[in-house]
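One structure coming up, written as structure tokens, with questions to follow.
A, B, C, D, E and F are the chain letters, set down in written order, and residue numbers restart from 1 in every chain.
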Amino acid sequence: MQLHLMSWPEVANYLSQRQDILIPIGSTEQHGPMGLIGTDAICPEAIANAAAAELGCIVGPTINVGMAQHHLAFPGTIALRPSTLIAYLQDYVNSLALAGFTHFYFFNGHGGNIPSVEAAFSEIYAERSYQRQGPSGQVRCKLGNWFRLPEVAALASQLYGDKEGNHATPSEIALTQFVYPHAIKQAELAPIHATARYATDSRDFRALFPDGRMGADSALASPQAGEQFLRLGVQGLIREYNAFVHHP
Amino acid sequence: MQLHLMSWPEVANYLSQRQDILIPIGSTEQHGPMGLIGTDAICPEAIANAAAAELGCIVGPTINVGMAQHHLAFPGTIALRPSTLIAYLQDYVNSLALAGFTHFYFFNGHGGNIPSVEAAFSEIYAERSYQRQGPSGQVRCKLGNWFRLPEVAALASQLYGDKEGNHATPSEIALTQFVYPHAIKQAELAPIHATARYATDSRDFRALFPDGRMGADSALASPQAGEQFLRLGVQGLIREYNAFVHHP
Amino acid sequence: MQLHLMSWPEVANYLSQRQDILIPIGSTEQHGPMGLIGTDAICPEAIANAAAAELGCIVGPTINVGMAQHHLAFPGTIALRPSTLIAYLQDYVNSLALAGFTHFYFFNGHGGNIPSVEAAFSEIYAERSYQRQGPSGQVRCKLGNWFRLPEVAALASQLYGDKEGNHATPSEIALTQFVYPHAIKQAELAPIHATARYATDSRDFRALFPDGRMGADSALASPQAGEQFLRLGVQGLIREYNAFVHHP
Amino acid sequence: MQLHLMSWPEVANYLSQRQDILIPIGSTEQHGPMGLIGTDAICPEAIANAAAAELGCIVGPTINVGMAQHHLAFPGTIALRPSTLIAYLQDYVNSLALAGFTHFYFFNGHGGNIPSVEAAFSEIYAERSYQRQGPSGQVRCKLGNWFRLPEVAALASQLYGDKEGNHATPSEIALTQFVYPHAIKQAELAPIHATARYATDSRDFRALFPDGRMGADSALASPQAGEQFLRLGVQGLIREYNAFVHHP
Amino acid sequence: MQLHLMSWPEVANYLSQRQDILIPIGSTEQHGPMGLIGTDAICPEAIANAAAAELGCIVGPTINVGMAQHHLAFPGTIALRPSTLIAYLQDYVNSLALAGFTHFYFFNGHGGNIPSVEAAFSEIYAERSYQRQGPSGQVRCKLGNWFRLPEVAALASQLYGDKEGNHATPSEIALTQFVYPHAIKQAELAPIHATARYATDSRDFRALFPDGRMGADSALASPQAGEQFLRLGVQGLIREYNAFVHHP
Amino acid sequence: MQLHLMSWPEVANYLSQRQDILIPIGSTEQHGPMGLIGTDAICPEAIANAAAAELGCIVGPTINVGMAQHHLAFPGTIALRPSTLIAYLQDYVNSLALAGFTHFYFFNGHGGNIPSVEAAFSEIYAERSYQRQGPSGQVRCKLGNWFRLPEVAALASQLYGDKEGNHATPSEIALTQFVYPHAIKQAELAPIHATARYATDSRDFRALFPDGRMGADSALASPQAGEQFLRLGVQGLIREYNAFVHHP
């Protein structure tokens, strides 16, 4: 049940019974020569929408731009500063909290979002801790990452081993291939570029990872594997989401 | 051509030929008892994607949350403060400008966004006027509103006259009905509520407009009319976009 | 009755009877070779002070610097970023709202202010919509533009036709000539420079409009016409202000 | 020479010869039962305009709202947060610095502005120290206070002794009486309220100083004394301004 | 070599040979009935100062207040909002980067700091990615946590097993006992309070963890164990720091 | 009694009896060829800790980085922008005020902090004046400067006359020599550099004061004098602190 496809009386009715919401969050950033720029939004959105059918929960509008400053040297990347993303998430959560939502599960497709999103949660809680807004303990936020769900990670490891890498991974590309079969790209890929160092700013990143991939053999991706990742992602999300919402 | 479905080398290739981008911008807000909460994002997104096929341009990720503070008293609404939206648009535009994009056409579905988006343009230009970033005159932003395209407004007027109203209008609802036929809502609608006064904050809005509609007879909407609105919207957008991009 | 010339007990007495205030807002920016840099502040201030005599309302201190980033390539211009102007207006309105003022009519002399001022209104309302401050619906802000009052626009059209232009217009210069006859400037004016494109940042503006005028034949201005504009401006402002304040 | 009454070519001509500017800064705040709310802006503005005739310098638009949070419990007060005033002054100075102004003399009428204005200077310099903007050492800001000019303070001491007090002082009220003779107020004044403690927030201030005066016998003011204060203020400002501008 | 005990020529000399700096970062927050409020600053500071003797590196001033909003319901806690901590770290790093420092190793004592510090790194890099400041790739920041050093965690596990808990742990208290033997506290401790849920705001935290400890049996701490933790912390920090600084 | 060496129940117990706190605030900045970079933090911290023994008050964690932008051209300096320092102090004070602290005495070692700290106080009060947080008049902040205590200034004048200067003064260096005898530096000092002009940004400062001292003959410092300064500082602080806390 996408929030965008509901009317407000339907939301009011939902809130009279439950107060949780599932929010896909991704990024708009390069994913190597054959990965889609929207990969990190497409993956959690697809899984969330499929899982919501069973969960019966509302899915909020996908946060499709995230913290991607390190990818800015590749065209097509859009990056929010952490401070912007924090302000954005504050408004997003505070708006829904006003209406009575209490449990916010952000389902994430981009590792680079994690610190900023967690910092945003603290900023949101801090407002309440300083007693500036609302009653205590009623807003609970959680971040889950689809690619770290145990069943997902296990399949990635089984299929790709250490060729999974860290960015433009075959697992995420496979999932997008299944969701958007007409957007599958072909590209000559250079041998996997190994580096022991993390990157800092965007030009540093590009110098370290010239085609944008971080140790990932994107070419191993297939739509068939993507379907498996979707199924396992749904399974994992349902379990994690229920654990979050039904926890005392 | 959605940016999210492209790879970065495809974007690089595009930029070697042209530097424009089309960006749908909407809102997540109540649209009366039978309008979809995502109406303002759905409409410009649908038109933009259809027009892009002919325009050959890239469509950026839809900005699906906007400045909707006045709707916050209805559940389901998510509102960015103007200051947040300005920061968000700065990062969105500056990211793409780094890569070489120069012409940013924002295609809008929500009247409430207009001042904040225009203010954001000025904030973006001001950075450059203060010489803090980049060369001069190379970033050009424009805001167009689908519901103010002459052909769209003419059809709305012809079909609905003054029952079109200002929010949860039959024209916008019609368009969403065509795009999402399975999400058509039924609702008992109170007689149109007339008011001469504009609203201020969200509780003031709800007191003035108890079911969320502003003088609009949403029930007049039909998917058939929606198809017409889509076709006219595409026609109008193509003309306006070309005028913007090809202007000397 | 200028707020600056009152004592606080006089304000307290006023507030026991009415809660409205009239606030001139302008800009400090180039107005072509013969226009005054303070034109956009001088015009609404002069009209507001004259109208207030009849309206019996308080006139707040003129906001004499506005959003003028596009004029920064001409010396003498002072520009607030939109974000700064928004913060400024928040504090201005919140201060007076604390004391009991409820109706804020901003009377504007500069088109470039409009989006930022409207965005500021939303930022002010949003504070209340998020329930962070004060009761609902008690702060009402409105922006009126002296140059768009029907009687003013009609006279400008009658006197100058399309030589009125959009910046450094003969109508605004005429009004300043009437108010400050000793500051009337003489200058050789180049032929009117026509352009179909809007400007972006300040260097782009100057490239498009080398002497600062936008299609305006400033030389047509006269103090006699200025007196007429003042009279019509007062007439229009009184009508608009009363409509705002006395609206249910 | 008020900036508002100049054209941009006149400013350009001035800048080809000198790069200094005099900027009155005041406040909009209660000044006791018989003081004007605009006192702190009126005083430095009147002195600055008179001095400028001899100095030949440009006078920028008066900053008529300042940091007055402690007066907010009295109606008519408008207060900028320090952070807002800092942002405002950044934009004010950066705008003029772009055009070539280098020496900014702020002539102040309100003690409460001092820390925020000095902090703003540091914020402006810090931008340059971090190398984010412009060449080094070219922007020089100075704050002078009219009421601390030695000749002004001496006259206040001679005329009023310790009845001068600290707010709504007879000296500042005298000056406004001379400038605005038609706005002279009469009021019954309670005996001077002595307090050894400084105030914190606005309600604390009002509890300590119930009618808004801080140890000042405002009733001693006279327009005649105001004329003397104006003359001495002009004399002192000219000396201080020249020392600032002509210093190596 | 503490930065605070050096002169600037000594720093200049150091920078001519190496460009790294070690920065302890902690928090000021409750640590249960017998833990010190400064625990999270004391631990990394003590280890850093001891390690620096061997590393030969400069130790920057300890960041002794951090992101601790969840502890605000206990007296003595001081918490920075994430946005404040981010701004603070930006200025800290940018200042030293101006002078030529390139490698910033933050040695952390508080888990709650991690997201905000990592977000701050991205904010710092983003400035450079947007090309707003300085050359690329020259500023490298890394966060290490003393309590996650393998040798430290191993000892904690060996000594305390699952009584180590997550806050006010015996290991951190032991270290402070060794460093400040005169500040060892005695307190009656309630049985360890188990909870499966994470906390949100400060009142929620206190409801979940009434005496401030999170599953930790603080009473197991001893100064003798503290000495071991210090020794192992130094050993681990030296290894990690060298790996960071000497990495290609 | 350092806050960092207390447990939260000890703080709770303290608050049941008194609500004041003493907070050393300094800077991290060059102090000439033989002064310590931490001088401005070391001095107030040492005096505060010694005075607290007699005062029985809590000493908060030292704020060891301040507003030092003008020193940024010398390596080792760390500077917060005024806006950052204001946000930092807001959080610092608001955190402790939540717990019940009411009297905040900041004991300062750096003249450059004064405007920003005073502005921060106003920002903190303004929050309350706008009624956004907490009851009125309960938070009282005061800034005292150790180097302006009458007995301290008298000794400096007696020992050093006009060779005391304004930065890297023999008095402050003497105090650090007494506190850190092993960190006493030797350096060839150029003759005292006299300048009548104040500095603006950091490069301007270095051009005016090439070795970082401002008219100070640092070489006159001795640990023996430092001991005297410490004793007099403690004496002065006790008097001033008591006057602040016990004032009605």
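Keep in mind that, in the parts below, contacts are C-beta pairs under 8 Å (C-beta built on N, C-alpha and C of every residue); 3 or more make two chains touch, one makes a residue touch a chain.
A quick map from chain label to UniProt name: A, B, C, D, E, F = Creatininase family protein.
What you are looking at is a predicted structure, and each value in this text was computed from that prediction instead of being measured.
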Partner chains shared by chain B and chain F (touch criterion as defined above):
A, C, D, E
Give the label of the chain whose average Cα location is farthest from that of chain F.
B
Angle of rotation relating chain E to chain F [CA atoms, steps of 5 degrees]
180
Looking at chain B with chain D, do both copies bring the same residues to the contact (over half shared) or different ones?
different
Would you identify the chain whose Cα-based centre sits farthest away from the centre of chain C?
E
Give, as an integer number of Å, the spacing between the C-alpha centres of chain F and chain D.
29
Would you mind pulling out the distance in Å between where the CA atoms of chain D average out and where those of chain E do?
46
Chain centre separation in whole Å, for chain E relative to chain C (CA means)
53
Overlap residues in chain F, where contacts from two or more other chains coincide
72, 79, 81, 83, 95, 98, 129-130, 132
Which chain pairs touch, all of them
A-B, A-C, A-E, A-F, B-C, B-D, B-E, C-D, C-F, D-E, D-F, E-F
Touching residues on chain D, where the partner in the complex is chain C:
2-12, 15, 28, 30-38, 41-42, 60-62, 64-65, 72, 74-81, 83-84, 87-88, 90-92, 95-96, 98-100, 180, 183, 185, 187, 212
Can you name the residues of chain A that touch chain C in the complex?
94-95, 98, 132-134
Chain D contact footprint on chain B (complex, rising order)
129-132
Help me check something: in the complex, which residues belonging to chain B touch chain C?
67, 69-70, 72-73, 79, 81-83, 86, 112, 114-120, 122-123, 125-126, 128-130, 136-137, 139-141, 196-197, 200-204, 207, 247-248
